[in-house]
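After this come two complexes, each holding chain A, first together with chain B and then together with chain C.
On to the complex of A and B.
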């Protein structure tokens, strides 16, 4: 199944990103559930997402994982259902990588810009 | 060997074939739902404005509750199914594997119920 090194890395990244996003989903259900404790509690929780610098980096990592997993997942599906797909699995891997990086640019700008003193938009 | 071949060789049942299809179907749906969700809370809305009022406004519309419920059910089932394969690959001892599956499925059940309850029952209080 893994023709060459790209295929192996594609699979390792897919596995690691899938596990990571699932772990986040568990945490995320709890942070969302805190909304039941009212605005005071929930606003304190959500403010962590933008006020703590480390959280901005964590979210960037999370979004990178979601994007990669999505685009590589699409690559896997294309390889499975398009008879010639396997011949292009390496090109498709670079395609998935390129889409991930492209989609990360606006996210990175809004999420990490303020960390480096760039005024992106008012909160 | 593809996942499906590996699966059929391993279990010799239809279950792994269904699982294989389920990854792909839920994957395509999640492509829109999960990326859409992240797009809404990070690009359309500045993350600085994602707070109680934001959620209260969204959850006033049944559409977004349905959206989140679908996202929850699909991401959880797809992710847990994936985690099942991961545990299968790395835990060779059968009793420990059964134990790990039990922990995984129990956690999935508890968190899905919690998540679904929040989406269905949330009633905003004035700030």
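On to the complex of A and C.
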């Protein structure tokens, strides 16, 4: 094993979140295609996303993956195009992480709130 | 100070797979890791095999993985590593024995980028002059000692040994950004091709590993931008 620093973790998370989002895309193609069998089938299957607790956690993970992948993607663009960007790659990584966590607070409130008995409007 | 040193051993002619040997040695905190290896080889176990030559951070022979990070054994002090130490060969190359890896593929790629000045214009009476700014453009990449610490710290290289790798790109940068050089187009095939600079994923392990302090990732970013802007 190699003991990389922030840059390597940023890259590992980027890869993992990218593959995770891609896998969800496959599931999403299947669930969207179910509309071909009518609203009954579609609604029955997609209601799982809201009703099954495990799916609420999976959705939370999905949004976390999308957010991290986006913010770190911006970090990579900054490093690629701003000649001084490489000097701040570590700070940019922590920035991407902080933005991800911040954006996950409302996500967690609405998505996981009901799981922990918190009343939300969307609940 | 007492140091417990775990070293990854492998002799392909005898061993089915690599194993770790553990040595207990007494070292001064200001000794270098290379001194520790010498202590082991000279006094405890003569079969331990590693490369070293100048022992002063210039020849680039003794790059190895020390506690998980590529370092020159002759540039790292024992006190900076601590009392528990794990030493392994660099990743991505075939291990010939213990800490010695096959560097031939590394030098093949180095040669592929034409790491020398190409300029067929008639030589002027005096030097080919450069402004201080022109000289500064490639100053960082003149420092490379070809130790392979950057290339063997690079995840895209581990998964794809055909990737030309950071070290070769550093040496390409040395001449691409030299105002006197004329071989830009000849190097472009290797550098911008399938196994060229675009394999870089800005992991920054190379920058961290470079014992010469070359900003390796930035060097590759400069090469990428040049390829992109020259095309535009």
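FYI, the second predicted complex is superposed on the first by the 117 of 123 C-alpha atoms of A that agree within 3 Å, B and C clash if a C-alpha of one lies under 4 Å from a C-alpha of the other, contacts with A are read in each partner's own complex, and residues count from 1 in each chain.
Basically, a contact is a pair of C-beta atoms (placed from the backbone, for glycine too) under 8 Å apart; a residue touches a chain by one contact, two chains touch by 3 or more.
Just so you know, these numbers come straight off a predicted model, no measurement behind them.
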### chain B versus chain C as contact partner of A:106, first or second or both or neither
first
### Message
Tell me the contact category for A:6 with respect to chain B and chain C: first, second, both or neither.
### Response
second
### Message
With both complexes overlaid on chain A, does A:89 touch chain B (first), chain C (second), both or neither?
### Response
second
### Message
Per the contact definition in the header, classify A:58: touching chain B only (first), chain C only (second), both, or neither.
### Response
neither
### Task
Could you say whether A:80 touches chain B, chain C, both of them, or neither, answering first, second, both or neither?
both
### Query
For A:46, is the partner it touches chain B (first), chain C (second), both, or none of the two (neither)?
first
### Query
Does chain C touch more residues of chain A than chain B does, or is it the other way round?
B
### Message
Is A:38 touching anything from chain B or chain C once the two structures are fitted on A? First, second, both or neither.
### Response
first
### Query
What is the shared patch of chain A, the residues that chain B and chain C both contact?
1, 80
### Sites on chain C touched by chain A in the complex
65, 67-70, 91, 153, 155, 201-205, 207-208, 215, 217-218, 221-222, 224-225
## Note on the structure
The residues of chain A that touch chain B in their complex are 1, 15, 18-19, 21-22, 25-26, 29-30, 32-33, 35-36, 38-39, 42-43, 46-47, 49-50, 59, 63, 66-67, 70, 73-74, 77, 80, 106-107, 110-111, 120-123
#### Entry: Of all residues in chain B, those that touch chain A in their complex
1-2, 24, 27-28, 30-31, 34-35, 38, 42-43, 46-53, 55, 72, 75-76, 79-80, 82-83, 86, 107, 111, 114-115, 118, 122, 125, 127
## Note on the structure
Touching chain C in the complex, chain A uses residues 1-8, 10-11, 76, 79-81, 83, 85-86, 89
